[in-house]
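Going in written order, the chains are labelled A, B, C and D, and every chain counts its residues from 1.
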Amino acid sequence: MDEIFFDKRALELKYQMPLGKISEFFKGLENGKIMASKCVDCNEIYFPPQANCPNCIKSKIEWVELSSDAILETYTIINVKPTSFLKYPDYVVVIGKLKEGVKVLSWLEIDDFKKIRIGMKMKLKVVKREENYYTYEFYPAE
Amino acid sequence: MDEIFFDKRALELKYQMPLGKISEFFKGLENGKIMASKCVDCNEIYFPPQANCPNCIKSKIEWVELSSDAILETYTIINVKPTSFLKYPDYVVVIGKLKEGVKVLSWLEIDDFKKIRIGMKMKLKVVKREENYYTYEFYPAE
Amino acid sequence: MNRAAIVGIGHSKFGKRMDVSINELAWEAVKPALDDSGLSQNDIEFHAVGNLGFWSEELLPAVTVGEYCGFNSGSMKTEAACASGSAALKVAYDSIISGNTKIAMAIGVEKMYNSPNPTVIELIGRAGNYFWEFENFGLTFPGYYALYATRYLNEYNASEYDLCLASIKAHHYGSLNPNAQFQKEISYEDCINSKYIAWPLKLYDSSPITDGAAAVILASDKVAKKITDTPIYIDAQGYATGSANLSRREDFTGLNASKRAAEMAYKRAGIDDPKKSFDLFEVHDCFTIAEVMAYEDLGLAKKGKGVQLLREGQTYHDGKFPTNSDGGLKAKGHPIGATGISMAVEIAKQLRNEAEKGRQVKVSKGRALSHNVGGTGHYAYVTIFSRSD
Amino acid sequence: MNRAAIVGIGHSKFGKRMDVSINELAWEAVKPALDDSGLSQNDIEFHAVGNLGFWSEELLPAVTVGEYCGFNSGSMKTEAACASGSAALKVAYDSIISGNTKIAMAIGVEKMYNSPNPTVIELIGRAGNYFWEFENFGLTFPGYYALYATRYLNEYNASEYDLCLASIKAHHYGSLNPNAQFQKEISYEDCINSKYIAWPLKLYDSSPITDGAAAVILASDKVAKKITDTPIYIDAQGYATGSANLSRREDFTGLNASKRAAEMAYKRAGIDDPKKSFDLFEVHDCFTIAEVMAYEDLGLAKKGKGVQLLREGQTYHDGKFPTNSDGGLKAKGHPIGATGISMAVEIAKQLRNEAEKGRQVKVSKGRALSHNVGGTGHYAYVTIFSRSD
């Protein structure tokens, strides 16, 4: 017989994540811009943005606005969701390659999932989530 | 400036712990008894009880009721408590050595913390916690 | 350099194991490993425990397992996501070939059912880059692999039907392995009609949530020969790390970390042609698409041709490249930290010619390989084993 | 056997670091280590990351740190509770002395402030045996060490005042170490009047919650000599595991695992008399009582006489047994997984004669020792370093 002791203690993990070094990115979102960090020395573009360039070890970063034009590289539809996303209807996660060569993983806002195909043109835009914060997602551009 | 992103997702960890192999221990508690497991082959007594004896690799276990007589080996008073114990007043944790040679870690129920001393006699008894389950604790026996 | 050999193996029953605690589960692998080798706990000079945890209550499993099983020598827990077991194997292996230690144990254990399923799904989904992938976009573990599947199927003209071939094979061998979580054959219809979990991947494309443990005892060459007549040597390991963010991967039709780990292992073991060198491959088929990519990443098939091996049945135990003769992660089960050690146990068993009927491979080259991926190509460990000395 | 030497060191500022993510924090140690050695990421063949986690969001820190810092070679995360850093050091060290790897990196990083303090207190309290100690009796980490303190003080006629001597010393050296979390001297009164957290231990007996990172690059002897004029060798490591349940420890006045780890390390390094062999001891003073027990467990003082060393000031940098010249866990801070690597960094710095004024020890024997305990004697790692070649 499986006898189970149900924990009387509970641990809630809800993180506070420092983003100060890349705060320009979030300021950008508030202004409708999607930014990447770029190494002044070697010109490497980082997305997700990062404050240090491992390429040249000694490095300075500048911020560049990304073009919003992308090609869909691959996608999935999340049918079985994690607990903390249960309130959302099935969502499409895609990886899009921007003109700059940088790839971005995010949701694709699209009504008819049947219209999604690899190679389709998309645009990236800033969105405000119901949890009251800004992020970004793709929408079809064809 | 410290800019912090406060997690929109939360993970609650609350475990379901299988206790079937040592269910005799919990049945014992319900009957007011504190039991240890004993290896039939090498006579080693295990507390906390365990269903296998690593001593003799091949092994059978029997259950023995522990005497309740103990000597206090060491103790502490938990002043700064974990979240899931915040509702409790400061509690005393002791390690007592039973007549059988086995040591038991548990709370000591005592009114006046000043009366606690190493070497004092204690007795072990079954208690029911406000979370509605049985466990055990020491009380002074002198 | 000293050599190291497996001299004892143990494996628990995999499945939903709410009859045992994590320590009791580990004991189910540790005890038979000790029995198999004839050694006692005092002989073990170090034990490494592969475990991811979070879903089970013990924060320090190497210690609780150690106490329960009667070890008190040095120890650590290793984490390389789903390759945590192979990381534990590395620790034990390096301990021995360094000359520091004569006998060491690598244990893998995972107790996933100690948390409810939604918590487990959430936890595995967090195993990438937390903020950029999970926090914002709620990726799940099947979701990550689905991104690979979509691209692969599209690029190489393969179908969901093809992927089902991997699942059917897995369940076939699961049905012959008494330790497997799933012990029933499945049909094409079972697979193709199962519900989507992360399109295009379906329930039957996915390995299950599993509790399980496995253990191997390693000894230096000299010691090994005294302990057993059938030492199984570790010839080499290769390893690599992939980017945390999936968006930083080069392409989505293979795992770059797997390729690099395999190259390193082949180079270290002096393998020129992997196609001609092994009797058995234990590959990381956490999803059907992962098995297909593994064929290619390991060099058994050209890019886009992995699926052809499935169509031709070449990876059955009597085919050209016998793969996952134990049911693989898909049917044997995938207790995260235990998987890498379970692969080593299966390989030792097979190279000793001790596998159950219907799944014993023909041992002619005396060599086998395990391919253990952590996360979605976040980690890769490739280990090469041999029977010869 | 190959030898391994430290050829690059890096250390972040320790403290409450809400200005950086875990990856950015790791970079603060990795970057200077690369600079110090003159190596680039491509030279690093394996990186091991000591980290406990849970309080920070990344489930696979070896991968996220690896991506951020530009590594893509093999990796794993190691956990040995508060000795996770020394476990990472073992992985890197064994990788090299085994001959498998020429250059490896051991990184320790912990980001504890990414969870609120009560969560952190709860989490550390869970690091023993979960059901028998935490679930039922709500033990905290200070509580565990308090059980030792009560018994020790009672048995050996020592007092809370004596323990404060360790705290005062720690803060003295913290004030001289720019990377320390606490950089102010404290008075006797500050310590003795601080509030109890787990009687008889007070706030000033306890190391703080800390964010921090440290990194060392190890290379094989041959390679090391090409890279640097001041290689700091690792001569030996010893390790042991204690019981998970505190109730199963033999006594409560010393850590049995520490003693066994030290014996192993001494034996392997050929140390006859630890009292005469070292210029510096980096000991695990997560609590003041832990430092006292360390003196005895390492063989620097007889049982019950450890406190005498504090009374006589013998463990200041100019005393007989210089200990924790960097402020120790107490004042430098204790970012769990980083601590063991931080000890190695301090030792390398001291043996190179590069420590700040007022805390540089006299290097005459050319040897130093780190003593890194995980949990409450759940793990112990003792590592012996030397300047000579």
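We adopt the following convention: contacts are C-beta pairs under 8 Å (C-beta built on N, C-alpha and C of every residue); 3 or more make two chains touch, one makes a residue touch a chain.
Nothing here was measured: the structure is a model prediction, and the numbers come from that model.
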If we look at chain C and chain D, which chains touch each of them? A, B
Distance between the centres, which are taken as Cα means, of chain D and chain A, whole angstrom: 37
Suppose each chain is reduced to the average of its Cα coordinates; what separation in Å results between chain B and chain D? 30
Taking the mean of the C-alpha atoms as each chain's centre, how many Å separate chain A from chain B? 47
So which stretches of chain C touch two or more other chains? 18-19, 54, 57, 68, 119, 122-123, 126, 129-131, 134-135, 245, 248
When you check chain B against every other chain, which residues touch at least two of them? 2, 4-5, 7-9, 11-20, 82-85
What pattern do the touching chains form: line, ring, star, complete or other? complete
For chain B, which residues count as touching chain C in their complex? 5, 7-9, 11-21, 50-52, 54-55, 57-58
Okay, in this complex, where on chain C does chain D touch? 1, 46-47, 52, 54, 57-60, 62-64, 66-68, 71-81, 84, 87, 90-91, 94-95, 97-100, 123, 126-131, 135, 237-245, 248, 257, 260-261, 264, 268, 374-375, 378-379, 381
Seen from chain C, its contact residues with chain A in the complex are 18-19, 57, 118-119, 121-122, 125, 129-134, 136-140, 142-143, 146-151, 154, 195-201, 245-248, 252
Please give the residue numbers of chain A that touch chain B in the complex, ascending. 1-20, 23, 26, 82-85, 129, 131, 133
Mind listing the chain C positions that touch chain B in their complex? 17-21, 23-24, 27, 31, 34-35, 40-41, 54-57, 68-70, 113-116, 119, 122-123, 126, 131, 134-135
